[in-house]
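Some structures to go through are shown next.
What follows is a pair of complexes built around chain A, which joins chain B in one and chain C in the other.
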Partner chain A sequence: MLTQDNLQKWAPLLVLVVLVVFFTAVNPNFLSIRNFARIAIASTPALMIAVGVTFVILMGSIDLSMEGSVAVCAVLFATFFAALGGSLAGPGLLAVPATLLVGAVFGAINGLVHVKLRIPSFMASLSMGFVGIGLSLLITGGDRILVEDPLFRSLLTVRLGGFPLMTYVAIVALLAGWFIQNHTTIGRNFYAVGGGEDLAHASGLNVNKVRVICFLIAGVFYALGAMLAVAQIGIAETVTGRNLMFVSITSVVVGGTALWGGSGGVWNTLIGVLIVNVIGNGMVVIGLPSYVQDGVLGLLVITAVYLSTDRRSLSFVK
Partner chain B sequence: MTLDRLKQHFPWVTLVVLILIVGAMDPNFLRPQNLVELAGDIAPLFIMALGMTLAIYIGGIDLSAQSVANMTTVLATITLPLFGVFSALVVIAVGFLFGAVSGLVTTRLKVPSFIATLAVGGIALSVGQFASGQRALYMDAGQRDRAFGWMLGSTAGIPHELVLSLVLLAFAWFIQNRMKAGRILKAVGAGELAAVASGLRVDRYKILAFALSGMFAAIAGLLFSVKLSGGSPTLAEGFLLPAIVAVLVGGTPLTGGVGGVLNTLIGAMIVAVVRASMLYLDIPATSQQIFFGIVLIVAIALTIDRSKMRIVK
Partner chain C sequence: MSFIKKFIEQETINRRNLLLASAYGLSGAAALRMFGAGAAHAAVENPTIAWSYRDRTNPYWNYIVYGGEAFVESLGLPKSALVNLINEGSSEKSLADVKALLAKDGNKVALAIDANDAPNCRPVVEAVAAAGAHVSTIWNKTDDLHPWDFGDNYVSHMTWSDEGPAEQTARILFDAMGKKGGVVHLGGIASNNPAVERLNGLKNALKDYPDIQLLDAQPADWDTQKANQIMASFLTRYGDEIKGVHCANDTIAYGVLEALRAEGIEGMPVVSYDGNERAVELVAKGEILATVFTNPYWGGGITAALAYYATIGAFKPSDEPHEHREFYGPTILITPKDALDFKAKYLDTNPTYDWKDFWGPSNGPIQYKS
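Right after this comes the complex of A and B.
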C-alpha cells in the first residue's frame, strides 16, 4: 500500500534507484561492475563511520568526533603496525585489535565527557574531534606514514567477483552492526532511549550507561573505518579522516534515520552511503567537477532532515 | 557571594592571572606595546568570534563560520581587481546571505542549527573551491594596498587591525545593548518559548543573528586575505575551534541568554595570551588543538545552564 508511512520508509531506496537509472541514462558506462567496484571502494570507509554514528543518532544524540577519531586510529594503527614488524602475516596482525581498542577508548571518553559533564553531545564530540586531530598531529609531527605491506594492501588489490576484499570486510561489519542493533539488548536500548528518554528512564533503564556504551561501539566502528581508509590509499595521516564527518552524517540522515532518534537503522545507512557515493561518482561520470559534491551534500542533508521532521510536534529547534 | 555571582567574574580574572603568569616568565611580555600587538594579531579570529557570539547568544551555534571565511578569502581576491575597495561590500553581502540562509533553514525548516550551519558550510566550501578553481590565488600588491592598505599597519603604535576590531565590537555591542533587536535576541536566548508567547517575531531575529554571524565571518575572512594578500578555499582552516573557545571562555554559555560581545573580547584575549604563553613554554603548536579542545569542554561544562536542558542529548 502506498501510504505516507510506506513512502517515507522506502523513499531512500527509491531515490537510489532513480539516481542509478538517471546516471546510466546520461552515461551508460555508469552501469558496469568496474564502476560499481569504484563506488564500493569509495563507500567502504564511510560506511563503517556511518554505521557507527547511526547508533548514536538512533539515541537522538550526535557524534561529530569522527574526523579526529579516525585520524588518531589511522596513525596509531600505522605506528603499531610498523612497530610490530609491518606485516599482517605476523605480529603486525595485533595492530588490528589494538586499533579497535583505541577506537573504543576514544569513543568511551567521548561518551563519558557527554554524560558525566552533561554537555550536549554535539559539542562534547566536536571538542573531542579537535583533540583527536591535535593528538594525531602530535603523533606524526604532520608527516604521513606509509603502509606498504602487500598482504594488508590486498584488501584493495585482491578482487573477488570484481569487488576488492575490503568490500567484504565492510559487509561483515555491517552485518555485525545489524546484529547489535536488532539482536542484542543494548541495540534495543538505543531505540528505547531515542524513542523517549523519559520512558526509558522510568522503566529502569540506566540511560547514561547505554549512552557511553553506544559511543564506545561507535568508536570501534570508526577504528575499523580508519583501518580500511588506510588500506584504501596506503597512507595514514592526520587528514585521513577529512570530510568523513560531513559525509557520514549526511549518509545517515539521507538514508532515513531521523535526527531525533528512535527510527531508522544500519540498513538505512547502507542506502544513505550508497546514495551519497553514487551522487559523488555519478557527478564525475557525467563530467561535473568533484568539488560540487560538498554543496550537493549540504542541500541533501537539509532536504533529508526537513522531510523526516514532523514539524507540528516541534515548537522550536536550537 | 554565591558561586553563580562569582562565575561572571571568572573570565576577566582568568585573563589577568594568565597575563601575570606569562609576565612573570618574561617581563617583556607585559610591555604595553607587546600587549597591543598581541591584541592586533588576533583580530581576524576575534571578528569571527564576534559573529559566533550572536549565534550562541540565542542558544544556537554557527559551524559554517570557518567555511564562510574560507570562501570569502577567495571571493575577495577575485573581486578586488573588479571593484577595488567595494569588493568588501560584495563579500560582506555574500557572508550575510549565507548566514541568512542558515537562519532560514534552522527556523523555517526546523533543522537544528549545528546541522543547518554544517550543511551551509558545505555549500560555502563548494563555492570557494569553484570560484578558486581549487588553487591558491594571490592579490596584486598595488591593488591591495590602494583598496585595503588602511587595514594593515599602525598609527601611533596602535595597529589598525585592533582599531577595526574595536569598531566592529562597538557596532555589535550597539546592536546587542541599544537596539530592540538585541533585547529580543536576549529574550530568545533566555527562553525561546516565552519569547514566542509574548508575541515576538522570534524567527526574524534568529535569522538576523545567523546573518550577522555570517557577515562577521566574512569580514574576518576579508581581513585575513588582505593580511596574507591572497585567498584559497582552505586559508582560514583552524579558525573554528579558537573562535568557539573565545566565545565560551569569555562567558557566553552554550545555552545562550547571558554574556555577549564584550565577554567575547575577553575570551579572545585569553586565547591570544594562551597562544603566546605556549610560545614561551616551547609547547609545539600541534598541542594547541588538544589544549583548546579540552579547554572548550571545561568551559562548556562550567558555563552551561542546565536548568534549560531537562534532557541532555
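Right after this comes the complex of A and C.
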C-alpha cells in the first residue's frame, strides 16, 4: 500500500533507483557491472565507517572521531603488518585482530570520555578525532607506509562475479552489523536509549554502559574500514581517513536514520552510502563541470533527507 | 617509543620558545623602539633561525624542514636550534607566530617562510622589516611585492615555475601514447597556483599534437583517495578511449595507478610531478613515465641560509642584482633511464650542499605575466 509511511520508508531506495536511471539515461556506460564494481570499491571503506556511526546515531549521540580513529588504525595496521613479516600468509595475519583491538580501545576511550567526564558526544568524539590525527602523525612523522603484500592487495585485485573481494568482506561485516542491531540485547538497547533515554533509564537499563559499548563497537567498525581503505590504495597515512566524517554522517542521514536517534538502521545506511557514492561517480560519468559538483551534491542530500525522514512527529528541529 | 620522547622534547623546546616570545612581547617591542631603529641594519650575531610552513603530514614539507635542519647543523648547531612555526594552513596563525617571534628576538630573527597564501606575504614582510629582522620567502607572494622595495630586510623570494616542466612531462606522455588518442588530467586544488600552471603546461604541449585529445580535466585536490575515485569514474565515462593520464602530482598518481590496478589495466602511460621517493621508484620500474623534482631539501636549507647570512651581514642583499632576490627554484625531470641515478644522488642520501652557494642550483629570474 502506498501510504505516506510506506513512501518514507522506501524513499531512500527510490532515490537510489531514480539516480541510477537518471545517470544511465545521460550516459549508458553508467549501467554496467564494471562501473558498479568501481562504485562498490569506493563505497566499501565508507560503508564500514557509516555502519559504525549508525549505532551511535541510533542512540541519539554522535561520533565525529572517525577520521582520527581511521588514521590511527590504518597506520598501526601497516606498522604491525610490516613488523610481523608483511604477509597475510604468515604472522602478518595477526595485524588484523590487533588493529580491531586498537579500534575497540580507541572507541571505548571515546565513550568513557563522553560518559565519565560528562562531555557531550559531539565534543568528546571530535576531540578524540584530533588526538587520533596527532597520534598517527607522531607514529609516521608525516610519512606514508606502503602495504604491498600481494595477498593483502588481492582484496582489491581478485574479483569474484565481477566484484573485488573487499566488497564481500564489507557485506559480511554489514551482516554482522545487522545481527548486532536486530538480534542482540545491546542492539535493541541502542534503540531504547535513542527512542527515550529517560524511559530506558527508568526501566533499569545501565545507559552509560550501553553508550560505552556502542562507541566500542563503532570503533571496531572504524578499524575494519581503515584496513579496507589501506587495501584500496595500498598506502597507510595520516590522511587515510580524510573526508570519511562527511561521507559517513551524510550517508547515514540520507539513508533515513534519524539524527535524533531511535529509528533507522544498517540497511538504511547501506542505501545511504550507495546514494552518496553513486552521485559522486555519476557526476563525473555524465561530465558535470567540477565547479558545480559540490553544489549539486549538497542539493541532492537535502532532497534525499527531506523525502526520507518523518518530521511530523517532531515538535521542533534543532 | 624513543621517537615519541624525542618528538615531545623537541616540541617542548619549540613551545617554550614561543611562550617566552609571547610573554616577553610588550617589553621587548618597547625596548626595540628605544634602541632598535639605528642598529636595524647592523650585523647581528647568532640570530634565531626559524622556518614557518604549513604542516608535517606531507612529504614535501618534511623535506623542506630536513633541509632547514641540515643548514643549522652546518653552522655547528643542533637540529633543535631551528624554530618550527607551523601554521596549519591558517594565514592568521602564520602572521601571529611571526609577530610573536619578532616580539621576542626583534632584529635577531632570520626567518624562512611560506606565507600560506599570497596576500599574507605582505604583512609578514612588513612586520619583519619593521622589526629590523630578515626574511626569505618561498611560493606565495603577490606580483606587486618585491624584495628590493624593502632594502635589506626582505632578502629573497624563490618560487617554482611549473608550466615548462609540466609541458615536458606531457610531451613524454604523448610520445609514449604514439602521438594519438585521448588523455585525462587529474589536477590539484583548482585555485592553487601550481595546479593551474601544471594544467597549462599540458595544454601548451597539446598544441603540437593534433591527434591527442584532452578528454577531461578534474581537480583531485592533491588527494590520493579522491584521485582514485575520479580515475575510476573516468574509466566508466571514457573506457578504452583513455590512452594516457597526466597527473598534477605524485600523490594523485598513486591513486590513479591503484584505480588502474583494480581494473587489471597494465602499461597505461602515466606522468606525474614532485619527485617524491615513492614516485621515483615507480619511475624506475616504468609504472610512471616521468616526474619532476623541485628539490625541497635544498629549498628548505637555502631559504634559511639566505635569511641567516643576510642577518649576520655576510652579504648585503641590496647590493645584489634583482635576479638574486627573486628567482626560480630548480626543477629536475626524472625519467626511467635516470631514475636510479637520481634516487642514489638525491634521495637515498641527501647530498651535501654548500649553503653559501645561494644561487647555483636556481633557475633564473621570475617572469611575471602581465
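We adopt the following convention: the second predicted complex is superposed on the first by the 288 of 318 C-alpha atoms of A that agree within 3 Å, B and C clash if a C-alpha of one lies under 4 Å from a C-alpha of the other, contacts with A are read in each partner's own complex, and residues count from 1 in each chain.
One rule holds in what follows: contacts are C-beta pairs under 8 Å (C-beta built on N, C-alpha and C of every residue); 3 or more make two chains touch, one makes a residue touch a chain.
Only a predicted model underlies this, so the values are computations on that prediction, with no experimental measurement involved.
Look at A:Gly60: by the touch rule set out above, it reaches chain B but stays clear of chain C. Using the contact criterion defined above for the overlaid structures, shared-chain residue A:Gly204 touches neither chain B nor chain C, since it reaches no partner. With both structures placed on the common chain, the touch criterion links A:Leu259 to chain B but leaves chain C unconnected. After overlaying the two complexes on the shared chain, residue contacts for A:Gly161 are found with neither chain B nor chain C.
Touch criterion met: A:Val239 reaches chain C, while chain B stays clear of it.
Residue contacts after overlaying the shared chain place A:Asn29 against chain C, while chain B stays out of touching range.
Taking chain B and chain C in turn and counting the residues of chain A each one touches, the greater count comes from B. Look at A:Ala42: by the touch rule set out above, it reaches chain C but stays clear of chain B. According to the touch criterion, the shared surface of chain A, contacted by chain B in one complex and chain C in the other, consists of residues 137-138, 141-142, 291. For chain A in complex with chain B, the touching residues are 60-62, 64, 113-114, 117-124, 126-131, 133-135, 137-138, 141-142, 197-198, 246, 249, 253, 259, 261, 289, 291-299, 301-302, 305-306, 309, 311, 314-318. On the side of chain A, the complex with chain C involves touching residues 27, 29-30, 32, 34-35, 38, 41-42, 137-138, 141-144, 146, 153, 156-157, 164, 229, 232-235, 237-240, 242-243, 280-281, 284-287, 290-291. Those residues of chain C that touch chain A in the complex are listed here as 3-4, 7, 55-59, 61-62, 190, 216, 218-219, 223-226, 228-230, 232-237, 239, 254-255, 258-259, 261-264, 278. The residues of chain B lying in touch with chain A in their complex are 59-61, 63, 105-106, 109-116, 118-123, 125-127, 129-130, 134, 192-193, 196, 202, 241, 254, 284, 286-294, 296-297, 300-301, 304, 306, 309, 311-313.
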